[in-house]
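Each chain carries a letter (A, B, C and D) given by its place in the written order, and its residues are counted from 1.
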Amino acid sequence: MQNTTHQDGFDCDGLTLWRGDRCLFSELSFQIGAGAAALIRGPNGSGKTSLLRVVCGLSPPEEGAVHWMGKGIQQQRQAYAKALAYNGHTDGLNAELTPLENLAFFCALRGSEPASSVANLSGLGLDACAGLPVRALSAGQRRRAGLARVLAADARLWVLDEPFTNLDGEGRHYLTAQLLTHLGNGGMAVIASHQDLDVPAEQLLTITLGGAN
Amino acid sequence: MGQALLAVVRRDLRIAFRRLPDLASPLMFFAIVITLFPLAISPEPTVLREIGPGVLWVAALLATLLALNTLFRSDFDDGSLEQLALSTHPLPLLVFGKILAHWLISGVPLVVLSPLLALSYDLSLNTLQVLALALLIGTPTLSLLGSVGAALTAGVRQAGGLLALLVLPLMLPVLVFGARATTLAATGQDPAGPLYLLAALAVLAVTLGPFATAAAVRVSLE
Amino acid sequence: MWTWFHKLGSPPHLYRLAGRLAPWLLWIAIVLIAIGTYGGLVLAPPDYQQGDGFRIIYVHAPSAWMSMSIYAVMATASAIGLIWRMKLAFAVAAASAPVGASFTFLALVTGAIWGQPMWGTWWVWDARLTSELILLFVYFGYMGLRAAFTEVQKADRTSAVLAIVGVVNLPIIHYSVVWWNTLHQASTVTKLDNPSISMNMLWPLLVMIIGFNLFYIAILATRVRSEVLGRERNARWVSEALSDLSPENGITA
Amino acid sequence: MTEFLEMGGYAKYVWSAFGLTLVVLVANIVVARQQFRSVRTRLAQRWANQQESSDL
């Protein structure tokens, strides 16, 4: 893994992170350019989620740095936030609000069009429950609503934590299709998942955690 | 910029009104604490007039403390706090929106409710007005200071006692000046001095508070 | 100059340096405190107003001073830790908190003992005593928050924010308590002001303050070593430092 | 000497204050050393266990 910072892409350089007593990963470096996706694999507790949170800039690594377009993300918090769409284990949706209200809130925050969020909801088959509070939704529907936010954000870099969990076959198919079009338009993605991504091999970079310590 | 602030305030108010019991419990608590003291001390109007201002302010402080739990905890648990931290808008602004919404649903009802309850302490009309004004100036500071503690303990289970220990010392100046202003009014003197000091605290809290709370949110999300 | 500051940032270096310094600092501190006590109790003349009772100032004033300066050290170390990401700065803050709390407690009780003969009761809501009491709550709040997190890094950064918020608020709290105290001046005539201090009363006080400061740094040195070991337990140098399993004491006293 | 001990009538206040100071100072020393020693032995054992498990 050469450590040169990729000018028009995303890269991690020498990342080291400890969780209490365990070294989750050390000297981890990888980079992806336009149209590429990084798949983070590894057994449970191997630090996949922690790595994604470091990638988003939510938690600082012990050593190493994350670069976007060749510049450290800490120096360009606003620009990186514009380029990033993150969906963690919890889908970031308030239980009392409906999926539509949640999406409208995030679109207002991002200044993007709420209309696109409605389209995504229907695309993800959420029309039926668009009016129900999120707490009444099934785990799969909640996951779809969370992904609807990612789709509505039209961000260049997707960071998704186990996006396929709780999704049925049809949902998985829809998400994979969206991912391929996203990569097709020069987008990038860092995805932690147990399932395989059927993304063409030349666009896919697989990183396995958990073997390190 | 202002759009984002309004969006956060609207969202939090909508959530709050969907969970009315959560909204009402700090106010019920405020009322109950106020009715305890006459039972504990004495129903004598002269006694009540003397302890009234102090009791009302201590009850207001504790009610605000109770209301703080809902400020960040649910957003921390369901992941929306992460989304706020990753937003393009500066976090202090979004956090200020949340605190503003929190003040509207916990502080303002206190300001409205306290004069009514203060009647039971046989306080004069003028005192009630000064009490309401002092609370109007003081409760934003309570929310702003309290939000730092709420953010720091967002990830901690059963943080009730710890939150009180962290936040009450910070709220003491508001208690001292607020209670003094009300007592001065109750004894027919001019409460202007402490009110100005309360206002000074409010200005300080509004300018510095959101940045401290934003830093606390970032740290508790790490 | 920066190399010194940077070298302090390397755990093994600080660990060894603190190990060497701690015994000397402690001995010097004990000697100074002994001299100060002798000066205060024997050499200094009694106060014309409070008689020999005023001698309590030789322990009350230094511990009150330490309680505030240690919190300032904690806040500064926390700021350094957050801004320059120096883990050892957090170790200093973590190590200082219990020592600061012990001095605050000491200042509180010696203050109450000092006031007792004058006021006839064990506790009076004097401005300085009340501020000391609030400072003790602030210390407990800091230690409570730090204890709420199992992970050291999380505890460090969260308590650092609290320490900085605290240090900004403490002066405001103190002056609002003083303001509040002057309101009720009429009821309690007493105030814990320092008696007029002549030179032969003053030097023991200065010696005591220096002694207390050195004592704090000596204790800090040993406590920081424990914190550093705890934080760097997976580093190679820790296994080397532990390999000589002879009980190499932090403090030989 | 007894006159000195009386402290002009303030004996119990002055000596209790200085006594408490001594207690707090000694307590600080003892706790600091105790903590240091327990961290050392705990880590030494842990390091020894690691050596054992890696030698297997």
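Note that in this section contacts are C-beta pairs under 8 Å (C-beta built on N, C-alpha and C of every residue); 3 or more make two chains touch, one makes a residue touch a chain.
This one's a predicted model, so the numbers in the text were calculated from it and none came from an experiment.
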Between the pairs A-C and C-D, the one where more C-beta pairs touch: C-D
Euclidean distance of C-alpha centroids - subunit A vs subunit C, Å: 47
Inter-chain centre distance, subunit C versus subunit D - centres from mean C-alpha coordinates, in Å: 15
Inter-chain centre distance, subunit A versus subunit B - centres from mean C-alpha coordinates, in Å: 37
Subunit B and subunit D: spacing of chain centres that average the CA atoms, whole Å: 42
Sequence positions of subunit A contacting 2 or more other chains: 60
Residue numbers of subunit D (touch at least two other chains): none
For subunit B, residues contacting two or more additional chains: 222
Chain-chain contacts as defined at top: A-B, A-C, B-C, C-D
In the complex with subunit D, residue positions of subunit C that touch it: 26, 33, 37, 41-42, 46, 51-53, 55-56, 59-60, 63, 98-99, 102-103, 105-106, 109-110, 113-114, 116-117, 215, 219, 222-223, 225-226, 229-230, 233, 238-239, 242, 245, 247, 249-251, 253
Partner subunit A, residues of subunit C touching it in the complex: 85, 150-153, 233-234
Subunit A - residues contacting subunit B, complex: 56-60, 78, 81-82, 84, 86, 88-97, 101, 105-106, 108-111, 133, 149
In the complex with subunit C, residue positions of subunit A that touch it: 18-21, 23, 60
Subunit B to subunit A touching residues, read off their complex: 3-4, 7-8, 11, 14-15, 18-19, 74-75, 77-80, 82-90, 94, 221-222
